[in-house]
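Look at the two complexes coming up: chain A is in both, with chain B in one and chain C in the other.
On to the complex of A and B.
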């Protein structure tokens, strides 16, 4: 029996979760929401997290009906992420560990997502598509590591969506991606956009520049087409959102299918913030149907960054005997998924 | 005529069939219902054309690739040469390691990788970019004295002399090797060494570009 408390704060979400032997006891979260047209900056995000975190720790203990003494281990996100927000979680975790005299464990954020997805869906050994604001990876487990088969070679898919939402001044509440998804439902016209798949890798930066020019012709860098008679085609915001989603999700489904064929697997698990997009889940479902596979997806409680996933991954590590001396309890902005030795999986 | 499905790959379904009385492999890029019809048509056509073109270019450059007998853009079918006794390089590597053990396998794999590297070098010297270099896309076909190496799945290929494209091609292969054959980290070094000898006059520029592409991958910040 391991009872773990996890703190996550690698981006604009700060969350605390408590898990007891695979049973969810608490999962509370607050999101730093910026005005339309603006992204979140490290300093302001850290300030938001500092103000919220202690309340969240108390709320999680109350929800779980536990006392600090009932916990076995305190877990926090070690990376990857933005340093100032990460530090907030790390400092609180270190303090609690000393205060309550409990062991401390730093967890890789991506591993947290994967393990949470496996716990909630019961998927055994799926190909994992991890899509969020900072990451786009196709991952498969082999030989004690989560190996990256394909990834973005420039910006992450969520970053592409967030930045497009900023360009067309969509609200960031509850999240830019959610608002794009809703607006896309009204889109009718499919606009051709670049489609960039390189082997099992994808690239989104060219698509973003292209659609930026369509949304705002004054930003056009390529001024060659200056024929005055030619009227500028008008696209609605809904059409742009629809076409952007259709294009980039098709790319993601394609590289996932490639990884499935290469690894001879027929299960897919989608994790990360973009993973709660229902259109992406639907497209992945159709692809899996065509090859007699199965897709596992989770809802926003567990998909979007949360403390619970850190608690769960930390608990798995703790059971496998992981220890972390206080002087190693730092944070790191770069921490690749395949750096972690997955010694808690027996297969 | 119903055809026996051989395999469902990432790109489409493979059948055994006939073309003008000769047995052949039929690759059907069936309609992917998950994507928008316009996008699907565009991608399917583009990839089929790329595959046919690359096969011709490889033939002209003395590189082994399946010969294309016929293509039909309306039914999304390609009729091509079938190698019945071939296995993929992925299977070959795994089998060699399992049968001969890690130490004995090394020289055998070095021989294989040297040949693979040489062929990729030759492809790039002829400005053929494969676009999807993985060990699943390389066939080992036994012949009288040993084996031939045949590259397949040219759907993502294109013709370009830019060092960027060649660098990305190598990077895709390196990553595929690291994730698929993580126990044999030396494979890519053998390939690259042989590649350098064959890749033509742009050798230095391509390798510099490759390093740059690699660095881009590592430096990429990863924020949750």
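On to the complex of A and C.
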């Protein structure tokens, strides 16, 4: 029996979760939402987190009906992510660990997503597509590591979507990706966009520049190409959203399928904030059906960054005997998925 | 005009003394705040020490600007640590939430 409290704050979400032996006891979260057209910046995000985190810890204990003494381990996100928001979680986790005299564990954010997805869906050994605002990775487990088969070579898929939402001034509430998904449902015309798959890797920054020019021709950087007699066709926002989603999700499905073929796996697990996009789940489903495979997806409570996933991954590490001296409880902006020895999996 | 390098031998310094309710709480803050290293490009030396129930932090930097940045970010961490101790230190669930700016509501459960 391991009862763990997890604190997550690597991006614009701050969350606290409590899990007891695989049973969800509490999972509370607050999101820092910026005005349309603006992204979240490290300093302001950290300020938001500082103001919310203690209330969230209280709320999670209340919801779980637990006293601090009932906990076995305190977990926090060590990285990857933006340093100032990460530090907020780390400071509170360290302080609580000393106050309550509980061991402390730093968890890799990506591992948190993967383990949470496996717990909720029951998928045994899936190919993992981890897609969020900061990460885009196709991951397969082999020999005690989550190995990265393919990833983005520039910006993350969620970053591409978020920034496009900013360009066309969509609301960031509840999330830019959700609003793109809703608007895309009204799209009728498919606009051809660059399709950038390089081996097992993908690239989104060129697609973003391209669609930025389509959305707002006045921003066109390459003025030489301007032809007076040929008027630029006007595209609706809905068509642009629809075309962007179709293109970038097709790229993700392609590299995921190749990873499945390579690993002879017939299970796919989608995790990360973009993973709750139903169109992505649907497209992955079609691909899996053709291969007689199965796609596992989770809803926004567990897909989008949350404290629970940190608590769960931390609990698994704790059961496997992991320990972390307080001096090592720092945060790190870069922390790759394959750096972590997955000694809690038996296969 | 003095050359820019003139100040290198005489760094700008600042010492902050933060009293806590008990030596135990001071020690917790000392251990929590000692973990994070100053960013390498910051050119600020930070040393923490304990004097019974007082946390002593000493900063020294070549430029006042860097000193200010280092102190500002240190205070952000210190205040968060103090608030955590205040709220969860003695009787964790008996104390009401009197911490300005914190909210116990959540956008999802």
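The criterion applied here is as follows: the second predicted complex is superposed on the first by the 347 of 347 C-alpha atoms of A that agree within 3 Å, B and C clash if a C-alpha of one lies under 4 Å from a C-alpha of the other, contacts with A are read in each partner's own complex, and residues count from 1 in each chain.
Methods note: a contact is a pair of C-beta atoms (placed from the backbone, for glycine too) under 8 Å apart; a residue touches a chain by one contact, two chains touch by 3 or more.
Just so you know, these numbers come straight off a predicted model, no measurement behind them.
A.B. asks: With the two complexes superposed on chain A, say which partner A:240 touches: chain B (first), chain C (second), both, or neither.
C.D. replies: After superposing on A, A:240 lies clear of both chain B and chain C.
A.B. asks: Quick check for you: in the superposed arrangement, does A:88 touch first (chain B), second (chain C), both or neither?
C.D. replies: second
A.B. asks: In the superposed arrangement, which partner chain does A:153 touch: chain B (first), chain C (second), both, or neither?
C.D. replies: Once the two structures are laid over each other on A, A:153 reaches chain B alone.
A.B. asks: Of the partners chain B and chain C, which touch A:250 in the superposed model: first, second, both, neither?
C.D. replies: Touch partner of A:250: chain B, not chain C.
A.B. asks: Based on the superposed arrangement, let me know which partner A:54 touches: chain B (first), chain C (second), both, or neither?
C.D. replies: Only chain C; A:54 stays clear of chain B.
A.B. asks: Touch test for A:311: chain B only (first), chain C only (second), both, or neither?
C.D. replies: Neither partner.
A.B. asks: If you count the residues of chain A that each partner touches, which comes out higher, chain B or chain C?
C.D. replies: Counting contacted residues of chain A, the larger count belongs to B.
A.B. asks: Just checking: does A:67 make contact with chain B only, chain C only, both, or neither of them? Give me first, second, both or neither.
C.D. replies: The second partner, chain C, only.
A.B. asks: Touching A:340 in the superposition: chain B (first), chain C (second), both, neither?
C.D. replies: Touch partners of A:340: none, neither chain B nor chain C.
A.B. asks: Show which residues of chain C lie in contact with chain A when the two form their complex.
C.D. replies: 28-29, 31-37, 76-77, 79-81, 83-85, 87-89, 92-93, 97, 99, 101-109
A.B. asks: Would you mind writing out the residues of chain A in touch with chain B in their complex?
C.D. replies: 8, 10-11, 77, 80-82, 109-110, 132-135, 140, 142-143, 145, 147-154, 156, 190, 192, 195, 197-201, 246-247, 250, 253-254, 257-258, 260-262, 282-284, 286-287, 290-291, 305, 333-336
A.B. asks: Looking at the complex, which residues from chain B come into contact with chain A?
C.D. replies: 8-10, 30, 32-36, 38-39, 42-43, 90, 131-134, 136, 156, 168-169, 172-173, 175-176, 178-180, 182-183, 213, 216-217, 220-224
A.B. asks: If you look only at chain A, which of its residues touch chain C in the complex?
C.D. replies: Within the complex, chain A contacts chain C at residues 26-31, 46, 50-59, 61-63, 67-68, 87-88, 90-92, 94-96, 98-100, 300-301, 326-327, 329-331.
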